[in-house]
Amino acid sequence: MHVVYPAVVSALLFSIGVYGVLARRNTILVLMSVELMLNAVNLNLVVFDVWLRDRLHSGQVLTLFVIVIAAAEVGLGLAIILALYRNRATVDLDRLRALAEFPVPSPEDADDHLPENATEETAGQASRASAATGPTRPPGRDDTPEATP
Amino acid sequence: MSWVLVALLVVPLAGALMLLVPYGKGRLLRAHALTVSGVTFALSLVAAVAYGSDGAVGMRLVTDLAWVPWLNLRFHLGVDGVSLPLVVLTTLLTFLCFVYMCREGGNGPDRLPRGELGPGRPRALVFTLLLLEVGVVGTFLALDLLLFFVFFEVVLIPMYFVIAIWGGHARRAAANKFILYTLLGSVVLLIGLLFVWARTGTLDMVALASAHGAGMPRSAQTLAFVAIGVGLAVKTPMWPLHTWLPAAHTEAPTVGSVLLAGVLLKMGTYGFARIAIPILPEGAAAVAPWLGAFAVIGIVYGCLACLAQRDLKRMIAYSSIGHMGFVLLGFATLTPVGLNAALFGNIAHGLITALLFFVVGGIKERYGTADIPALGGGMLARLPHLASLLTFACVASLGLPGLAGFWGEMLALLGAFDPAPGLSRPLFLTFMVLGGIGTVLTAAYFLVMLSRVTHGRPTETVHAPLLAAVGPAETREAVAAAERVTEKVTADAEQVVEETMAGGEDSGPVDTAVVDDTGGAMARRDTEGARGSDSSGGGGRARGGRVRDVTPHELAAWVPLVVLILLFGLWPKALLSLTDPVVHGLLGAP
Amino acid sequence: MTDVPSYLSPTGQEIVFLLLGVVAVGAALLVVTTRQLVHAALWLVVCLGALAGCYLVLTAEFVAWVQVLIYVGAVVVLLLFGIMLTRAPIGRAADLDSRNRPVAAVVATATAIVLVTVVIDGFRTAYAPLEPGGGSAREIGSSVFRTWVLPFEVLSVLLLAALVGAIVLSRTDIRGRR
Amino acid sequence: MIAVTAAVILLPFLAAVAGLLGSRFPRGARGGAADLAANRRAALIAIVPAVLSMLLALWTAYVSLTGTGVSTGTLDVIPTGSLPISVGLLVDPLAASVAVLVTVVALAVQVYSVGYLAGDRRYPSYSAFISLFTSAMLLVVHAADLLVLYVGWEVMGLCSYLLIGHWWEDRANSRAAVKAFLVTRIGDVGFLFGIFVLGMAAGSFRIADVISQVPQMSSGTVVTATLLLLAGVAGKSAQVPLHTWLPDAMAGPTPISALIHAATMVAAGIFLVARLHPVFAGAGPTLDVLAVAAALGMLGAALAALAQDDLKRVLAYSTISQLAYMAGALAAGADGAAILHLITHGAFKALLFLCAGIVIHTVGSNLMSAMGGLRGRLPITFVTMTVGFAALMGLPPVSGFFSKDEVLVSMERALAAGPLTDAAALLLYGCALATVAVTGAYATRAWLRTFFGERRAVPLPESATPHTGLAKSATTPGFPESTTPHTDAPEPASPRAGLSELATPHTGPSVTAHTDSPEPTTPHTDLFGSAPSRTGGLREAPATMLWPVIVLAVPTLLLGFTGVGFAGAADVHWGTAALSVLLALLGAAVVYVVWRGAPLADPARVLGPFRVPLERAFYVDSLYRALFVLPVLHLARLVARTDDRVIDGAVRGSGRATLSLSGLVRLTQNGNAQLYVTAVLAGVLLLAVGAVVLG
């Protein structure tokens, strides 16, 4: 069998997984996309094992390991998602903005960037706080994580 | 004898490291600090003695070890007439700072209390200051460009913490400004040093200096001089790169201010004398007019800014800018006399400004403020000795002949009168005239300040901040007294005055016409303090229960400075004979 | 590898593989584009099943069965449970895609182009003759328990850790230290 | 010889050090008895070296004048990298005779001060400062190197600052002290630059070398140098345009006025010109400038003196006027005459000030409107002060007559031949003659208003005089009398008043006129009547104050006869002398006539509308204030603002700019993990593509 066929299939699967990870909002869907990417890798491993006639069967064994780890990963990932759901009542990725530099005023318009007025206000705070010196601690950082429902 | 220089670095470093072992508090910490700094000072004196005074040129007591061989970096130490006085000044000032920190009473954060460790974190302060000393002494001793830079940088961190931890209200901002600004300068300095390295292939200052810029074209020298000069000028500080200084001085604790003004600023000017001018003579010649212009602007500008200041420490900080302007003017002339002037001015400024900051620190501790209007007047009546010392320091700082401040300024002006060949004489004559105007303005702001603070009637003083000048227990008592007095001011006033009169007729009188609530409280506190002073054993507390005049510890810390100011003022040869031969060598002049 | 057969005369195995591959890729596309959560999980089953078929064609039978058992049997069920537990909407939902979608499409397409180009370029001449029995349970089993026994044991520890972690995470009565 | 001279200089210096450190040593005690003890010790420390120094100076002068002439000695040479500074001393007749003047006046002032400031808590520092002052002046006199001279020159400025501000409780005194220091410092900067020019041109800072090198210098150099030196001279000797500090300096204790305005500081400038006379002689334009400044100064100051009501200010303006005489003589090329006048003026002005001190001490006010009719009460003072005034007017046979005659003759000669241009010489001579007349007028006026007419004051209790230094109570400064009822407890006033007096309550309003209150006040007659007085009425001052006066009166009377020979002039020039005496008497007569008409009123009233400008000394102070002080202060505020807003603003602005830039970058950090991953993958892709394409 031409190695190109499985290799192309796995590449396409992987890209589809990438798209899923990047484009899907629901965390469980993201998890599924991750599975797709893992499977793409698995396919590659198997093909190369066959192609190279590895006497130790490292490719296939590694595939087995990956499958096992993937299962564990899904279990853990789901546990995390559940914990997240308990705390935030949502599993939508783009509402989980605890890492945001600026506080997100409301979940509705918290998509890609902040509304203009919020930026200006915080910038103003920053400049006032740092009037005396150079950079200081960014303001409003500590009220972000728990405050947003 | 070359071990002396290494010991100068090792002793304070070891002293600082020993503090990491938690072994003792109070007295032991005091003894430790005094011993370590005292030994270091003694070592520097040993170095001075070993240096001799035969006037020969060249480095002495050299230590030259491989440091990072694959980069050809060397641990190269040495001392000559330029660095020796600065080393001694550094160790002396550090020692005096520790002596000052042993004082009793007061509420300054920079104290080494006799008993338990207080909130001031004295152990950390001692550690920091010793580290600072290592850095400064190393800077003055280093003869390798990168070693110099390393020590130059080592200084910043302890100073940052001194300001940021033990400083005043706005200390964080001041400390941030200090470190960012000076780091910026250091980066430029490093670029300049590396540029020199790249062009000449060596980092050895002695070799570079004796080459007098051979192997570097004029344009490259100019570039390197500008980079190194900017880096050093930030530290010096030169106008307009000075704005970190007032903020840092205003917020730093007394010992921080003393070391900052007395020693740290000298690192910048020392760099000019040691690196910029000897290594890059053509670059220096190209940049000297600009350097002189900035220096002169700094002189006049600093003086004018001083005239408009309200805060004493801030004023002295600005006066430092003016004085360092004279030092830079001396360098800019590129003449032996100018360099002599700059080096003399360095030492003189270190002594005088250190004394000024000490005294002002004492004032701030007693009055709780350094705001000139809030101080009122009549300090000569209230605290005669302190005010006399302030007067002395101010007079020395304004460049009175016979005191150390004069010679540096006069010689700098003399150098500007006759600058090195190749420099525009009319330009430097203009600089000289502006510098002369600067001396008048210097006298003006110091005298006006003295007039406002030391002269006049003590009753003009705002008394309330004085409550801050006592210990916590006394403060409570004073507050209580204030409340009592506020209740029945009129009834108490006469009695208070009588008590005051009975307590001590020497100090400035309290004019009952202006005894208001707080004034009454103050007098009250005074009298009560007088009664309690015997038991509290405050030996420095003046008779009559006023705020203490100069205490023995303060006197012990200040008198050496006074003596040295007088000595160098009356006998400038003591310093000039050290620097003069070296300066000729640095300039390659006969 | 001079004896590479022509691409123009595919063997039966290749045709089967390609068909299964098309199914897998199409199902994967549906997984990431469908508007219904549960459908996505089901399309995932199709995709993984097709992949298992691929493994079979590639003579890796043991891996194929494991794939069916663990992925199709366990993982997808787990995912369906997850969907239920998070009270995800059953039926069509409009907002399963985030606003990042266009960018994601661009990046994914670019990834695909790069990968496919590289793969085709790299494996144009590679040919793997298929010999049955290479991936039988015996072969793999002896390999795992002879050569790879240490990683295998480490993996079991990992699984245990994952188990414990999942329990800790999902139980509400275990609190972190304050 | 040099060693002796060094001792002359060092003795007062050591006295100063000892007085400052040792007066209260070792106890540092304060309070009545301790203060008195400290004062006694300080007086001893101050006076004994002064006596020794004077004796040595006399011996030096004797040796120098009779035989050896010039001798120099160099102690050490200080390398500067440029011209070395040679620390050396110089003795020649000029220096030796001025040194005698300095030491004698200093001793007189020290002795006088013992009485004048008895009980002042700050007497030890005061006497130490006088010693330091003396030492500095002697250094100026004997310095062999211009920079060494400059050291003494500046230290004097400091001492005058400290001494004028002796009663620093009063802001006005403090201001006067600052003003004195600053105005002289302005001149001193020019002086320093002049030294640079001279030294660099001559290749040495040694005075002898400089003088010997003058012929080799270009005339431009000499003129520049001398003009710059002249700035310093004008500052120290209170010449136009830097004279304004001198009248204000009267805020100091009266002995200080005597010291500064008679013997030392103001003399230093004249002395310097004489010292460098060969240099100045080679600079014609400078002499013209000096002549014009002197001419304007002498007449203007004399006119200003005519209108003052404050006795000390009268003397101050007369000092400016007399110094201008000397400067005029120097400009006319007669350094001998100038020095002669310097010495006689030193004697008689010190005498006048010390007498004025007694008068003020007794009356308790500086204002002449509060004096009058003191002739009978203060007979000794009256006599001595009359001698002083006579010398001031230049009446024979007092010393002033001879010296002023010399000066006038030299100016007259300058008309015919000399370094001056004709116009300058004419102006100088004319002004000098006019000044003689005006001098006669104001001296007479002061004399009459002080000692004749009706008594306008009864004595103050000395405890309440403003000079006690401690007396803070009554001296709410500048208050019009009787408006401040003092209800407070008895003050711990001056120990001079005796602690026992503390018990005596002030029954009446005890207010004194303030030292510096410029406006004439109403008579004090009824204000002090009830105040208790230790002395029980007007009486002569204590002996320590009288003796110096008497001693000083002797040279004032007799110095002229010895000086005739000294100045090198053969004898008195009777024509000029007659003219000047006539003019002086004319001025005196006018004043007398006016005064006779209304003995209580001020003769200055006939000046009419000119009086106010004269009293304000032609508004020079206001002019300077508007021209220099205010602009500088505005500039200072501007600079402070600039520093805060522009320079520091730039620094802060850079910080703020960095922050806002970082704010831009932070916008991407919106918390969306998908975006992050997208960016990471895109980056990886780019890298991969880049690696493939470029590699």
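As written, the chain order gives the labels A, B, C and D, with residue 1 at the start of each chain.
Rule of thumb we're sticking to: a residue touches a chain if its C-beta (ideal position, glycine included) is under 8 Å from a C-beta of that chain, and two chains touch if they have at least 3 such contacts.
No experiment lies behind these values; they were computed from the predicted model shown.
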| item | value |
| --- | --- |
| Identity of the chain that, by mean CA position, is farthest from chain B | C |
| Per-chain CA centroid nearest to the all-protein CA mean | B |
| Chain pair showing more contacts of the two, A-D and A-C | A-C |
| Chain A-chain D separation of Cα centroids, rounded to whole Å | 86 |
| Between chain B and chain A, distance of the C-alpha-averaged centres to the nearest whole Å | 56 |
| Separation of mean Cα positions, chain C and chain A [Å, integer] | 18 |
| Cα-centroid distance, chain B relative to chain D, in whole angstrom | 34 |
| Interface hub residues of chain C, defined as touching at least two other chains | 98, 100, 103-104, 107, 111 |
| For chain A, residues that touch 2 or more chains besides their own | 18, 21-23, 93-94, 111-112, 132-134 |
| Per-residue overlap in chain D, given as positions that touch at least 2 other chains | 655, 672, 674-675, 678, 681 |
| Residue ranges of chain A touching chain C (in the complex, touch as defined) | 1-9, 11-29, 31-33, 35-36, 39, 42-43, 46-47, 49-51, 53, 56-58, 60-61, 63-65, 67-76, 78-83, 85-86, 91-94, 111-112 |
| Chain D residues within the chain B interface of the complex | 30-32, 35, 76, 78-82, 121, 147, 150-155, 158, 161, 165, 168-171, 173-175, 177-178, 181-182, 185-186, 189-190, 192-193, 196-197, 200, 470, 472-473, 488-489, 491-492, 632-633, 635-640, 643, 647-648, 650-651, 655 |
| Residues of chain B defined as touching chain D within the complex | 177, 180-181, 240, 242-244, 301, 304-309, 335-341, 377-378, 380-381, 395, 400-402, 406, 410-411, 413-415, 417-418, 432-433, 436-437, 439-441, 443-444, 447-448, 450-451, 454-457, 494, 497-498, 501, 504-506, 508-509, 511-513, 543, 572-573, 576-577, 580, 583-584 |
| In the complex, chain D residues that touch chain A | 652, 654-656, 658-660, 662-663, 666-667, 669-675, 677-678, 681 |
| Chain D-facing residues of chain C, complex | 98, 100, 103-104, 107, 110-111, 114, 118 |
